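Input: structures, listed below.
Next come two complexes, and both contain chain A; in the first it sits with chain B, in the second with chain C.
Entry: the complex of A and B
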């Protein structure tokens, strides 16, 4: 929340001009599509007669009803307390999504049959590949950030070369380069370690910059004060700078974790049987890949939601000092 | 001084690992027999040649052929499923020993691979949308055609195909598309074709078995004209181990003469594709 002041004002969605504008926009949008042939038209049969014969009148009636329902819904939600508002809007958006998937006519028995394998083989592989990569990337990031901030020419040169190179190449290309390129040097590396290496190096480079900017966001006065009471570099970093930098670092780092979870799908190209690989192969024989793609999408989403929750927990932990 | 000795030792051990790792000539057969496993690379997305079955295991014609070769060598078979472009890139560096994945032995591929055994021939055909107005293959001139990337179908569509394997029948280019779109697998191409005649694609060049399979699964497509060419398909190995190649070639010949291959082909395709018609 930006700044929750205590000025009493009418809720935006209850202001007449807003309600009228919203109603007009929705009406216009739904007039643009002919919905008389859908379930909506079928529901309106008592009023407009045969939906397909109703013409412009039917089209207007359907759009009108949709606009009324939509506006009423928004106005009513406006009365609820904040938390309930959020819950209702989430729930309604979710329903819309499910209705969208429903139009694909997916075979649910097929999904149920494949779901255990998708989770035990696919989700588990995805999780451990990303978890290991996240740990390695964090270590690289700390080292890289310190190197980038140091006055040592070698350390700075190596770290900046590293971030420039690995941020500058597409991750997919890094996966290929490591898997196909390292054997040329004599290191035959398996698919899973190659994927982990590529993910760690790429995300390590991004996170180096995040850590660096976090550390730099701390006022130099903190360094000066710490040094003046005789603290060395290590203890200043550990006890003074990092604890203050962490609240700055954590939101973008959580972002990186979530995006790493999804980018781990790129290692499917080298034959690792993780979620994305299974999504593309399991339904292939019976031409039911839409089923697999959508269920995999939901699994990815659920895993991301878990990470989001963890992130917001950690953020709350570090924001303790700001709560009144 | 101590540092220096340690550094030297480290450098020496590194140099040793570097030089020791690359596979030596003739080593593949030894490795296979010593480990009692034959590592076979194949595609997991290429039904009915190789795909994931109901039990979430690899299954299909290619998979059965690979298993039979393993049986004849007296070793068990382990499957690895890298992307097709990674297999055809070569430099397998011992990650897998051979590839049974319906590879067509072209001259360019022969620069990196040996083809110890041609085990069947696939008719390549053209599929169009059900509503297509095309009646002959020549109607596809200046149309958009979809294929699989780096496949012989793509080479055919781009009029750049060389079939130089023993026993490959002669063919001619029946049409010249305006636009050739390449997909990572044939299903994606069929998905684009099913959107409608000419929506994204006017036709797809693919193997006849996969076209028939897609048709059976309810895709609104049909075969147009006769098969455009017959593709010989072979087991691929990397250059360098003649003994291993001889063993595979012997195994494939054995499968041909005792009827195993024909039986497998009928099992998976309903037709004997192991002989040229």
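Entry: the complex of A and C
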């Protein structure tokens, strides 16, 4: 939350200059595009006659109506309370989004036919690959963070070498290196474990830095208080420092979760049947790429939204002790 | 060494890099003694008492606390800290735990008390500092004075042999200073061994058995409060007292 001034300003979208400017801009934009040939023109038929014959008058009438509807919409939303504003705007953007996809003339029966497989095979694989990876990455991150903060030269050197290396290589290359490189050393490794290993190592390196900064953000006095009661390093870390560092760690870690969910698509290159792999292959036979890509995109998006919700839930949980 | 010596410091010296913060400190604290340490800022008062529970390491000399000698390779530092309570200038309560939990964790995680026992202990000492009704709040919901009293209760829950106070009232609003000093005074009345770094001269006069004045890492003057305040010997002490008693 930005801390707003307590002097209540007039709502921006109700200021006359704003409404007029908005109206003019929308009118100009829609005058520039000829919409008489679209559904809009069709809807205006009673007013402008045959849309295709209506010429400049038709074009202006359509643009005018669109501008009026748009401005009225914005002004009305301006009256609603914050929560409802957010909901309405979200909903309207979503509608526009769907309308945009509608223009691709996607084959819905094809999507319905493939969707179950896309979810049971693709989404499930994506989810479990990223879930396992994120758990391993978190464990690596805690160890790495403690090592990077320690005064032990070996621990620090190993941890900083690790983070430097795995943050310095493209994830795609790590996937290849592990999948193709390990067999050369005599360890034949399946595609899924190879993918999980690559993702965990890469994200572990990023999250090491997140955990380190989180631990460092805790005041030194907390360490001293804990030590002075007699707690050793283990209890101090687990019960005193980490619980306080978590609220700092969770937002960027949530980011990493979401990013991991999508980067797990990189393991499709080694033939893991996750979402991205299926999106590319299922539509290939009948050249219906768009159908699969768009439905997969939506599945990714929905999964990300779920993670966002979980993240905000956890953040609220940790905000308890900050309430005055 | 007699058994009722709680803290014994012999020729203690400490450096931060090339800067010497403590020079040849000799000090003994007997059971039940109340000692006030004062002196200008940077004189090493806080560092000294932080050496007593090994939050800081001394480099020379010997510190013995409750019969255990403190040194670099000790394995039983927890044994010392268990018996030495410490109260900090900025309270350092654990903000993610309720007041009750703050007091319970010591007995539970160090002494292995059950949750029921620990709660009993915690409530007893919260009662002792007169804020049992705040037990289920979080530290941020309390005033500074209340937080400091919780911090005192948290230390008391470990039933320490000695309490160290590191400027416990310096971060408080003037109105809250007295509630904390009252708590400390009543602790003193009950015979708690205490070492307090403080500038509250009224408290020192009323409670202390001995006042120690430090300047640039040395103990400059040491005596009973009556003599210390009415007849200071050292010039530096006179200057210090005239400065802080001026207003």
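Some notes on this structure:
What we mean here is this: the second predicted complex is superposed on the first by the 312 of 324 C-alpha atoms of A that agree within 3 Å, B and C clash if a C-alpha of one lies under 4 Å from a C-alpha of the other, contacts with A are read in each partner's own complex, and residues count from 1 in each chain.
By our rule, a residue touches a chain if its C-beta (ideal position, glycine included) is under 8 Å from a C-beta of that chain, and two chains touch if they have at least 3 such contacts.
Being a predicted model, the structure only gives us computed values, none of them experimental.
By the touch criterion defined above, A:117 lies against chain B but remains apart from chain C after alignment on the C-alpha atoms of chain A. By the document's definition of touching, neither partner reaches A:56: not chain B, not chain C.
Using the contact criterion defined above for the overlaid structures, shared-chain residue A:286 touches chain B, although it does not reach chain C. In the superposed model, A:139 lies in contact with neither chain B nor chain C. In the superposition on chain A, A:221 makes contact with chain C only, not with chain B.
Looking at the shared chain after the overlay, A:188 reaches chain B, while chain C stays out of its contact range. Counting the residues of chain A touched by each of chain B and chain C gives the higher count for B.
Contacts of A:47 after superposition on the shared chain: neither chain B nor chain C is touched. Shared-chain residue A:28: touches no atom of chain B or chain C.
In the superposition on chain A, none of the residues of chain A is touched both by chain B in one structure and by chain C in the other. Against chain B, the residues of chain A that register as touching in their complex are 113-114, 117, 121, 176, 179-180, 183-188, 190-191, 269-271, 273, 277-278, 280-282, 284-287, 289. Of all residues in chain A, only 219, 221-222, 224-232, 235, 239-240, 243-244, 318, 320-324 touch chain C in the complex they form.
Chain contact summary for the complex, chain B toward chain A: residues 17-19, 21-22, 44-45, 47-48, 51-54, 56, 80-83, 86, 89, 91, 93-95, 185, 187, 213-214, 217-219.
On the chain C side of its complex with chain A, the touching residues are 53, 55, 78, 81-82, 84-86, 88, 90, 92-97, 105-106, 109-110, 138-141, 154-155, 158.
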